[in-house]
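So that you can tell them apart, the chains are marked A, B, C and D in the order they are listed, and the count of residues begins at 1 in each.
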Amino acid sequence: MIKVSVIESDFDAGSEIKNLLALGGGAVTSFIGQVRGDGTLDALELEHYPAMTEKALRKIADKALGKWDLHGITIIHRVGRLRVGEQIVLACTCSDHRQASIEACSYIMDQLKTVAPFWKKEIRQDGSESWVEERQSDLDAAKGWKN
Amino acid sequence: MIKVSVIESDFDAGSEIKNLLALGGGAVTSFIGQVRGDGTLDALELEHYPAMTEKALRKIADKALGKWDLHGITIIHRVGRLRVGEQIVLACTCSDHRQASIEACSYIMDQLKTVAPFWKKEIRQDGSESWVEERQSDLDAAKGWKN
Amino acid sequence: MTKEMPNQINIVYFAWVKERLGRDQEVIEFPELVENIGQLVEHLQNCDPAYRNVFTDLKKLRFALDQDFVGLDAALRDAEELAIFPPVTGG
Amino acid sequence: MTKEMPNQINIVYFAWVKERLGRDQEVIEFPELVENIGQLVEHLQNCDPAYRNVFTDLKKLRFALDQDFVGLDAALRDAEELAIFPPVTGG
């Protein structure tokens, strides 16, 4: 069961997790990314490539399914203006085994950072804006997984 | 912020996650373990060592805090009779960084399996009972972390 | 050499590439000699200094052809949509 | 050799150790010569075949002294509570 979703509105992690628990696998991992404040940040503006995004998320989910025995994967990524403290992304996996569930969740996040067509712009409290640059640590993390 | 809890009643993972999101770290990982059915299993009976359990859970949380920069850790473990499909355990971590958050959550689960005084008895639909034996894969996973 | 027939492709831009070019998409005609993305980018740079400005450092650009990530050497063939954007930063 | 003064300790049992012994705790008196957990287990085995039965395979037992995991060689000293149980299987 794969669910991928790109939305402007907020999501309810608890109910998404319940949906995967309903599959009865026994091991459900979730990761939530949130806009982290740093004192001067006001919001992130999340842009994406609508024609490509769902395809890219499905490809990530399919690759995870090929690597681990999973009952279900849920990926939700928000777009638009997200203020400090708001949720950005949810990756949730359900498996019979905790290690498969945790590793798959970690893998999905690493892929999201490097092969899903999203771009973040930082909006500062003084009104200035700047595009977030890719981080070498994200590239390294994604390369750490074979394929 | 460390919260450890041993309870008979169910827990609400969504609200526990929200509590850690409120810390604003930006990266919240959760793992939920659930009683997995296998066709003949009816329930698990979870026994623990009350005088020791909270101490053991706190020690696990403290060790995780020593290894990763975390804003918060929540560990909830249920005891008593838990039927197939019910939640057993929640480990939830909040960090500034997704890898720290995910690794700490994985570490806590590996430790829970090997150094927290809980014992599972399987209750079959035909009324037969048997204590779950420790698994080598859990011992190996716990040993995989330095210390 | 046969007479060159112009091909065309829809190009979409995102993030700072879009902002600096001042548009989010356009249809570009290009000569048959232009066979891959690298050649198309070079062609654009030769046509208009605006592209030279934005496409200065190719290492800072990423490309998708019909919604799949590709490199500069990817053949355009019958592709309908080329996307040019900075490295992704989602998640 | 001085006359041995009996020491005592509270022992708690869990899981199948508790079920097979038919009790979840008891206070045990033991001679001063018994200094560590291994010696205490041996002492119990010598006192009562019920213990011999349940404590047959020491590799299948785990121990906690005053709520900390310890090995068979841990000194009893002034510990108040010894727990004997199978390997844990929580999480």
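In this section, contacts are C-beta pairs under 8 Å (C-beta built on N, C-alpha and C of every residue); 3 or more make two chains touch, one makes a residue touch a chain.
Fair warning: this is a prediction, and the values are worked out from it, not measured in the lab.
Novice: Quick check on the contact graph: shortest path length from chain B to chain D, in steps?
Specialist: Minimum number of steps from chain B to chain D: 1.
Novice: Go ahead and note the Å separation of the Cα centroids belonging to chain A and chain B.
Specialist: Chain centroid spacing, chain A to chain B, equals 23 Å.
Novice: Calculate how many whole Å lie between the centre of chain C and the centre of chain D, each centre taken as the average of the chain's C-alpha atoms.
Specialist: Centre separation, chain C to chain D: 75 Å.
Novice: In angstrom, rounded to a whole number, how far apart do the mean CA points of chain A and chain D lie?
Specialist: About 50 Å separates the centre of chain A from that of chain D.
Novice: Roughly how many whole angstrom separate the Cα centroids of chain A and chain C?
Specialist: From the centre of chain A to the centre of chain C is 28 Å.
Novice: Pull out every residue in chain C that's touching 2 or more other chains.
Specialist: 91
Novice: Could you say which residues in chain A touch two or more other chains, in rising order?
Specialist: 33, 98, 109
Novice: Which chain pairs here would you call touching?
Specialist: Pairs flagged as touching, ordered by label: A-B, A-C, B-D.
Novice: Any idea which chain C residues touch chain A in the complex?
Specialist: Result: residues 12, 14-16, 64, 67, 69, 81, 83, 85-91 of chain C touch chain A.
Novice: Please name which positions on chain B make contact with chain A in the complex.
Specialist: Touching chain A: residues 12-15, 17-18, 21, 24-37, 84-85, 87, 96, 98-99, 101-102, 105-106, 109, 141 of chain B.
Novice: Taking the complex as given, what residues does chain B use to touch chain D?
Specialist: Residue list for chain B touching chain D: 33, 46-49, 51-52, 55-56, 77, 88-89, 109, 112-121, 131-134, 138.
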